[in-house]
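Below you'll find the structure I mean.
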Amino acid sequence: LELLYEPQLAGDRRVVLPYLLEIDAAHVVMLEGCGILPRRVATELLAVNRELAGRVAGGEDVLGSPASHRGLYTLYEGRYVERLGAETGGAAHVARSRNDINAAVSRLRLRDRLAELLRHGCRLLEVTAALAAQHASTVMCGFTHQQPAQPSSFGHYLAGVAFELTRSLEWAAASCDLADRSPLGAAAGLGTALPVDPRRVADLLGFAEVVESSLDAVASRDYLVHALGALAMLGNSMSRLATDLQTWSSAAYGFLGWGDELVSTSSIMPQKRNAYVLENVRGEAMEPLGALVSTLAGMKNVPFANSVEVSGEAGKHVWPALDAAVSASRLLALLVENVQVDAARMRSFLDDRETSLTALADLLVTRYGIAFRTAHGAVGELVGEGPVEAAPPAALTRRLTAILRRRLERPVDLDEVGVGRALDPEECLRSARYGGGPAPESVKAQLRVLAERREVLVARVEAWRSHRREAASRLAQAIEAVRGEAGEVREEGGAARG
Amino acid sequence: LELLYEPQLAGDRRVVLPYLLEIDAAHVVMLEGCGILPRRVATELLAVNRELAGRVAGGEDVLGSPASHRGLYTLYEGRYVERLGAETGGAAHVARSRNDINAAVSRLRLRDRLAELLRHGCRLLEVTAALAAQHASTVMCGFTHQQPAQPSSFGHYLAGVAFELTRSLEWAAASCDLADRSPLGAAAGLGTALPVDPRRVADLLGFAEVVESSLDAVASRDYLVHALGALAMLGNSMSRLATDLQTWSSAAYGFLGWGDELVSTSSIMPQKRNAYVLENVRGEAMEPLGALVSTLAGMKNVPFANSVEVSGEAGKHVWPALDAAVSASRLLALLVENVQVDAARMRSFLDDRETSLTALADLLVTRYGIAFRTAHGAVGELVGEGPVEAAPPAALTRRLTAILRRRLERPVDLDEVGVGRALDPEECLRSARYGGGPAPESVKAQLRVLAERREVLVARVEAWRSHRREAASRLAQAIEAVRGEAGEVREEGGAARG
Amino acid sequence: LELLYEPQLAGDRRVVLPYLLEIDAAHVVMLEGCGILPRRVATELLAVNRELAGRVAGGEDVLGSPASHRGLYTLYEGRYVERLGAETGGAAHVARSRNDINAAVSRLRLRDRLAELLRHGCRLLEVTAALAAQHASTVMCGFTHQQPAQPSSFGHYLAGVAFELTRSLEWAAASCDLADRSPLGAAAGLGTALPVDPRRVADLLGFAEVVESSLDAVASRDYLVHALGALAMLGNSMSRLATDLQTWSSAAYGFLGWGDELVSTSSIMPQKRNAYVLENVRGEAMEPLGALVSTLAGMKNVPFANSVEVSGEAGKHVWPALDAAVSASRLLALLVENVQVDAARMRSFLDDRETSLTALADLLVTRYGIAFRTAHGAVGELVGEGPVEAAPPAALTRRLTAILRRRLERPVDLDEVGVGRALDPEECLRSARYGGGPAPESVKAQLRVLAERREVLVARVEAWRSHRREAASRLAQAIEAVRGEAGEVREEGGAARG
Amino acid sequence: LELLYEPQLAGDRRVVLPYLLEIDAAHVVMLEGCGILPRRVATELLAVNRELAGRVAGGEDVLGSPASHRGLYTLYEGRYVERLGAETGGAAHVARSRNDINAAVSRLRLRDRLAELLRHGCRLLEVTAALAAQHASTVMCGFTHQQPAQPSSFGHYLAGVAFELTRSLEWAAASCDLADRSPLGAAAGLGTALPVDPRRVADLLGFAEVVESSLDAVASRDYLVHALGALAMLGNSMSRLATDLQTWSSAAYGFLGWGDELVSTSSIMPQKRNAYVLENVRGEAMEPLGALVSTLAGMKNVPFANSVEVSGEAGKHVWPALDAAVSASRLLALLVENVQVDAARMRSFLDDRETSLTALADLLVTRYGIAFRTAHGAVGELVGEGPVEAAPPAALTRRLTAILRRRLERPVDLDEVGVGRALDPEECLRSARYGGGPAPESVKAQLRVLAERREVLVARVEAWRSHRREAASRLAQAIEAVRGEAGEVREEGGAARG
């Protein structure tokens, strides 16, 4: 039985232990403050706690002994008992349980990992926006259904994707807020009769608030589902961006590419340059979806109370999903940052694609007062007769005039220069100023909005970080206050550390 | 080919058409206001629009003709052309496309359906909270890992679940806000050169803002994923509540049950009373999970641009999922509202389950200053010797005194009355006041928090509704303004309606 | 409560009723044969059964009355009671339950729907293979990582995809076999004390065998999961084929396209021809995945016994998934059948893509005995110097000779004609004969294997059909046998029908 | 960039390398046999291959150098080049590619892991069947909708579940057959012009056949989806079995339990005995579902050709899912094997649950010729009047007689002894012989069928194993044959190894 648990424990040990030590310290400080634990006992416990924390921070494996299916916590508490005897060593385990401790670890860990993801995500936003700004006037074919539609710009494309990426990251930030409540004090899920002060513990750990219900505190992991939803959506957006980049870097388009350090050669085909990191991005981006399903299915039909099925099993899928999301966003940022754009090929792709016909129809509507359906039909007929963009403006104007006369049963006096301008991709781009279109000034306005929202996100991440730092410093001071007031005991503890 | 599309269209037609009419009216009003459409044309279009809207509101099928794979929109526009001729009838289709119209329909429809879900969800919260208030002092066994743990109350259980339900509904409300931006003006995804006023359209349709990027406006459906995440999580919570209710209504527990109208008899076993509506709830609650997966997978690797794969296909799974979520929450509310609680069986289940031993250990810690591990060990030894709760307090106190003396190697003078009180379930319940525990006063405090949050939700739903009503009235006035100012034309239009 | 059930019932009624009638008839025939039901009663029941079956076959709604949450079965039995009184009308409901009846309906219905899917799937295989045969020698660029790799043929591509499609359909056929056992006789899941003959019922309904355990018979729906797995995999393959077809029909490639009846124009862009049916295919192909998840999650943590959660709820997702799979395969078959291939553009795409370099390296290995890594490196160097395929063979041979001399430190005497041939795409294609490569003769061999496997599938579907027909005829004869032997009663029954 | 790839590579290295070495050896043997590789070169390569294989088998890390995003294969080939120089060391990489090698590794690895799963799965079947045999006559309440239904036996329950488990394992075995084809020779997916012999390679690696199409060989991973479907279904069944075991081990039922080594105590509640390994089983059982979704979504919309997105990314989720499935089935087997059944509590639970009423109704039908609906109604009325099973048979018979007289309007002469027997749970159990019911003889027949099918499975697993062993021995002989025939070279190679 033990063997079956070992692999899982090994991975957790390294990551979870620092949180356990932090939670433990805050709990002991609070117990002492509430008069539940004598100062002497608290001081001894905190001395061991700080010593272990120091050794763990130094990379040492302080648990050492073999794994047990009774979990990391039992192993951990053993270290205290070993050092201080059963009575003092086990004294902190009052008014709490593995259940609320596990819940607290999952919340602290999630916040830290989400902050990491958001840092990398904001970096992706930043490089995408920078590239968009650089290419706000780079004419590129706009596509719908993968067919050439109308002239657009590479910058407009990138800004559009950045909006969706931004929203997914804002979603992830909201997950962080959702998790920002301390479950400590809930014990096994039924609270306690001991006069604890959960808000004090929350404050020492940097939680904004406490969970109101002890049952909710141990039974629910909905914040993990919320976070996984954000990761799955983020992955989705990344898969779409990666798909477009791969299409446009293919030989058939040749719009963009990467230097040797980001492409790979073939083991068999000497000419190949495969940007298959994009395939890694698309693949990793799907990992949160599976994790989301395992998590939701894992919680289904489980009694609403503490359950290993939820806390230990369903609750574990989020971590590799976060790894994958971080990895995918780092890789994608690297690719966006280092892409080499071939603006000339983007421009020449538009030649004779007839993408400015909508502009021509719009011209008939706005300048000549022709009804849209008629204009649309006339231009459709025109393109049915033969090439439009490739034709000389004069000849084209004559053909279109004839078509309109027949359809409207009245003469229309078209301006050859206007027709020519309407068919010019650069001109089309410049005039698509309304409705969030690709005109450079419109894209710049979009980038300003994106920058504001990105800055808000960055500020939120920074605020969490400083909030965490302040809490850590409050905890350190509180520990010192307890230990300082217990003079002799402290020296004893200090000796033990020496 | 046409045949393959028919089933889908039939369902949509009824639901989508009113949105199309509303969007169309707002668009025409705006076009006229911006000088893109002559007043005469606008008036004629609005006259047909209002007439069709009236007939649709009256239940009439105004489209009539057979379905087409070119979609509902083409069919719809045909009605205008039929009435006003191609030139006037098709005049409104300028500076827009099926793409931004479809996006607008999905956002308006989502908001309306989410508001409906939230109304039913708030109803579920309300009946759950009312039941919790009624049973804040109803002693019930608290469970972990499905084993008796400590005395709790039915009210505490219900309040705990209500917190998770509340968060899922708050998530759904946030989805509503996410969708609250108008995509109109984006046209095919590349904006327009015509000087449209998207904010005016947004205002007439009751959207809070506009989507900044035309590409984002047609390419993204992330708000559907956000909403489906909320529904899946809500379903998950409902499955857990339903699981507990079914367990407790089973013959082995007998804590609760329902009257004849909510249970079903067996076609073969005359004695059976099956509350299998709970199984329907659990089943329906899983539908959003599958829809979420189909939606996310459906968007994967799709170019970020307008695509039927995203807008038409991936975007359709949310609707049956909403149906299922509404149905599950209505059924569950009905069951919670009408549950018959057998408080006596709840109480007698606690007899001799030894669930007050934690309280006994806590007593040793707080009253006699014994370290937790020692107290826990001593009580464990006590229960190993034989029944605890069923034993007379005097004998029990003697046994425990002997155990402690041996373990502590010093005498401890236990108070028999205190020991007896500690073992009393009612007393345990009353004293579990900390950390969000089940003490009645603690549960009442939790219910106050729940009530506040529910009221906020109800107010948000109400605000959307009134916002929608105000927009509808703004739109009606704007239509009248256009038509009123065009005297003769209006009469003509009026005649057409007569 | 009733209202909540109505929508579901309406859909089921039409589809499920014929199965209920068939099951009922077989059950009554068996009961009579085993002496459990008197011949007179059996005759009367069968008379009503045949009458109802006739009316249902004629499109009549024989149930009429409003829906009930007690389900279709109760409503259905009511028709008998109405006609024959409670005693005779309810007589057939012995040794059975709604539970085993529902299980039987789901199995019969699945087999019929899978047979339908397989017919359309085999049609897709057929048109794909026919197209592959037609293009076994149509040179096309082979891609890996979306970059040009080596010369291949359109036929080789299609044959490759057809193998995966074939396996998914074989998986679906295996699901059919898995479902081919009768659960009737299991009653509520605990069998019966009445001496029934389940094999006789199985035989009359065309089941190959019976389910051995009555509990398994009502509790399990694993055959639905198996079928949904096949559908999800099939959808996956279809999404990949549709992706490639859409890429190759894009303007950048122009390898293929469709006539006007399969593409759609734009409501705004006069030049557009969107093959967005491919996007429908890709979208519909994802529906089984969500259904699979809802089904599996829906069965999780449900007691292994009859449960509405499994039979009614989790068991319902398969039907719309089958609709979507059938629709996607029909649409895709239509597209494959009607595709217009531009072989000239396929061929010209290969110009100067340097896709024959692997062949050149192979030539150095096989003809000149040069080690592969050296050959690969030399050709890599050659392409690094400048165009290869576009260079005159003589110049190229000189350059390569020089490179090899330097690398091998010995002279190599290359044959200019051989080098020229190695670089010719047609020649590359012809010589890729090994390892299942694209040489025409190799593709033809693959198509022969595909044809054999398709014929086996078609024969299996045909065998089910005839098996079902034979069972129906056995049932009809058995009914006649019962009714015929009961002369007067039969006339009476006939009168009742008149 | 490199850093991002490291974690994945570390895990793979250990597992994948032995397969690479095996594949390499087979490839070289074949190349030599086909005259593509000179004997001298083949001998040198095989010497290094055997040496590396020996060191890897001994636990050594033969790759050593830092990871690279170009993958394990490049690193691996580097070892040859280092030893034999570029020309000889790289000579084997002809007529192949990383693509077909990766495909071969995934197939070989899947077969080995599935064989492992099947061994543990068959062990679970075995202990379940053994427990069922032991409890074929242990009367237990049969449940539907979690309410007491009819008397059954624990053995009948276990046999029922075992059927579903068996089918899932048979599905997994079919996945193994699906994967049993060699993709080698496909090279990059476009075959080769070199006259290779793929059947020879297949034979040396123990594959039953070759993949016919080179494109299919590298592009498809459908066998992973098939296997994950089986694992997800297996997990589903295990979750249901674990749910029932946990319900029945709860204090409210007390039907079963486990010894101290399989339950866990609470860190806070001294009386608790939590069988939470069941919660681990249920949790781990959901992991394949998420993996299945990530795999299917990961393959969606990927061009049908070699792609890292499919081969590297989507293809990796199966391995941790297999770990979880193996772990869950081992844990569950341990729990089933060591369960302690309290037959007395199972029996006493049936007291006065009125579960024999169906039998009483059946008695009225079969012995007294009363129509089922009438009998069912009469017994329903009887139970409505008051307790049935608890009443003295004589009084009961009188009550029932009166009810029947009123309903039938004729006297019925009931036999008191028969009525009494019908209400006896043991008697009910014994007589439920039909339709796969729980009568001991019926359960024994079911167990015989299960044993046969389990033996077939065990034999299949054993056959794979011996097939693999034979292939390994063929490969070893072939290697020796090549090296033996090249005398001097071999000694040289031997020296290199010394």
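A few notes on this one:
Should a chain be cited, it is by its letter among A, B, C and D, assigned in written order, with residues numbered from 1 in that chain.
Definition applied: contacts are C-beta pairs under 8 Å (C-beta built on N, C-alpha and C of every residue); 3 or more make two chains touch, one makes a residue touch a chain.
The structure displayed is predicted, hence computed values, not measured ones.
Steps from chain A to chain D, minimised over paths through touching chains, total 1. Looking at B-C and A-B side by side, the one with more C-beta contacts is A-B. Between chain A and chain B, the centres computed from C-alpha atoms are 24 Å apart. Separating the CA-averaged centres of chain B and chain C is a span of 35 Å. Residue positions of chain D with contacts to 2 or more other chains are 93, 144-146, 149-150, 187-188, 243, 247, 266, 268-269, 276, 279, 282, 286, 289, 292-293, 296-297, 300-302, 307-308, 358, 376.
For chain A in complex with chain D, the touching residues are 1, 4, 7, 69-70, 73-74, 93, 96-98, 187-188, 243, 261-262, 264, 266-269, 276-277, 279-280, 282-284, 286-287, 289-295, 297-298, 301-302, 307-309, 312-314, 317, 323, 327, 330-331, 334. Looking at the complex, you find that chain C touches chain A at residues 144-150, 246-247, 250-253, 265-266, 268-276, 279, 293, 296-297, 300-302, 349, 353-355, 357-358, 361, 376, 379-380, 382-383, 388. Against chain A, the residues of chain B that register as touching in their complex are 36, 38, 41, 81, 86-95, 99-100, 142-146, 149-150, 152, 156-157, 159-161, 163-164, 167-168, 171, 174, 178, 184-196, 198, 210-217, 219-220, 222, 225-226, 229, 232-233, 236-237, 239-241, 243-244, 247, 282, 285-286, 289, 292-293, 296-297, 299-308, 358-359, 362, 365-366, 369, 371-374, 376-377, 428, 431-439, 442, 445-446, 449.
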